[in-house]
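Here come two complexes built around subunit A, the first alongside subunit B, the second alongside subunit C.
On to the complex of A and B.
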């Protein structure tokens, strides 16, 4: 799996590509931690664009859960977008779609992110 | 009836080999791609449970996966020679809990039960056997 980080205004975009399974989840967790690091304050929002994510298992769900908690404690908005149907199924079956905000695509997610300058 | 069998050590690095085994079975049995992910997910969840619970100091369990397609039912049987462990005995996670209270574990077995038609566990001699069945289409 590859993960790219991009900054759009006050938002950090995380763009994973490939398979998020037991083998890649630990690395993904580390890279998600990086998404919350931004000077002088943390990002106003972290958005994970999952359009390139082909597969997620429970090990991957764990990484999303930990990131959502980090965001909540930091007072940072957190959302996912662009889930492929099979990935979306896993989020719905596990009930994660009820605790994590999911937008249809990146444009919708960015439209809901805070844009105000400090 | 189509039947295939693979045996690997219960080491996390073997997951990709097992996924390939499943993929090969899928194409040789000419099954619809839409249901591949369900079995891929179930195989990962079962195998990683064995990796985490089945190892003892100095001993890695052997894991045998068999796939049997009979009619339109696909049965995946996963056996290991690790200590007795029934994953189906785990309490289901509370999937209505809020973000902070949501348990980080126990989801794998829950997902398998959701996506498969039948799941059963048996201890046979010195082996754990988990059997998973689902209706598939060609």
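On to the complex of A and C.
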């Protein structure tokens, strides 16, 4: 798996590509932690663009859960977008789609992200 | 012949001790030789000074005899100790050794060029350095080997303990479904190579009802195994107190959320079967919906999926659903280790293959279907390693004949 971070205004975009399973979950968790580090105040929102994510196992889901908790503690918006149908199914079945905001694509997610400095 | 024999043996023993050995004697001998080399090089320099007093020249001549004697002795020992003698004699080392002593023997005439040849002994310093380096490398290698052996031993112990833990984990799973007239059920868990967190359970409840649990803990290894044990005990305990599956899962979720230092979670399908009526009441905490095969061969997924996994968040409710089994219905509960078994081309086994297998096999014992599915998954996966636990329960319900009712 490959993970890129991009900054759009006050938002950090996390762009994972490939398969998120037990083997790659630790790496993904580390990268997600990085996404919340931003000087001086941290990002206003973290959006994970999952368009390139082909597969998510239950160990992979845990990384999303940890990120959602980190966001909650940091008072930062957190959302996913661009889920492929099979990945979307995993989020639906596990009930994660009830506790994590999911947008259809990056444009929709960025449109809902806070833009101005508070 | 005999004395010659024993001399031969003694020389060989000496070669083994001083040249091949790695002990105290070999090191002392090496140091003596090194000191003599340094001394001999120095003496060549002193010897070339004009107008030395006679006593000094004599002393140097005696020293030269001793040095050449020791070097010759060492040279012979090296030839004896060498596994391939000719190769040693013609090697760089061998030639240097010979050049260090040869001038003494070939030229009793003390000409200047022969004296100059003696300077070739400087090359011996090089050789000795290599020797000492080799000794150091050999010592370090031995130390490393000892440390590696310790590490390997420790790793083997950890492996053995993990495998015991894995066996215990499997041993606590129930072997058989409680005997109920009209019910035929079988279960199987095939553990992955790393310790996983799948489990199933059959729980005897009041009024002859039976609770069935199918669960999958996120992650792997020791944390997942511990969480699995906690989850299983918690569910078992709650099942005896709460007669509705939704409340049972909601309570379990609260408890698991509170005793969850590793932030793990578990997907749980929990149902309660009334063996007399065939009514199954269930709640689903983030688990794949079980598949229901009707006697006409149609297969459907139980609705009510999408409840949140247990242990992730407090205050979650799990609505109760129910389905009435008809005579001959089969309920198949499974973990994603079945549908997400990958083959060598990275394709997943998938729900469709599982449904096809269930559709094709309506008759026969529940254990037969369990076996068939396991075999089908194994055939599909081929040489690909099993990355996740594979767990299955098949429950077949037949109408209970009046005669068999108590």
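As a convention for this text, the second predicted complex is superposed on the first by the 117 of 118 C-alpha atoms of A that agree within 3 Å, B and C clash if a C-alpha of one lies under 4 Å from a C-alpha of the other, contacts with A are read in each partner's own complex, and residues count from 1 in each chain.
The definition used in the following text is that contacts are C-beta pairs under 8 Å (C-beta built on N, C-alpha and C of every residue); 3 or more make two chains touch, one makes a residue touch a chain.
Treat the numbers as computed from the prediction; the structure is a model and nothing was measured.
By the touch criterion stated above, A:114 is placed in contact with neither subunit B nor subunit C. In the superposed pair of complexes, A:72 makes contact with subunit B only, with no contact to subunit C. Contacts of subunit A with subunit B, set against its contacts with subunit C after fitting on chain A, overlap at residues 21-22, 55, 57-59, 61-62, 65-66, 69, 93-95, 98-99. By the touch rule above, subunit A contacts subunit C in their complex via residues 21-22, 25, 55, 57-59, 61-62, 65-66, 69, 92-99.
Against subunit A, the residues of subunit C that register as touching in their complex are 194, 216-220, 263-265, 267, 285-289, 305-309, 312-313, 316, 336, 340, 348, 387-388.
Looking at the complex, you find that subunit A touches subunit B at residues 21-23, 55, 57-59, 61-62, 65-66, 68-69, 72, 86, 89-90, 93-95, 98-100.
Those residues of subunit B lying in contact with subunit A across their complex are 12-13, 15-16, 37, 40-41, 44-45, 48, 51, 95-96, 98-100, 102, 104-105, 107-108, 110-111, 114-115.
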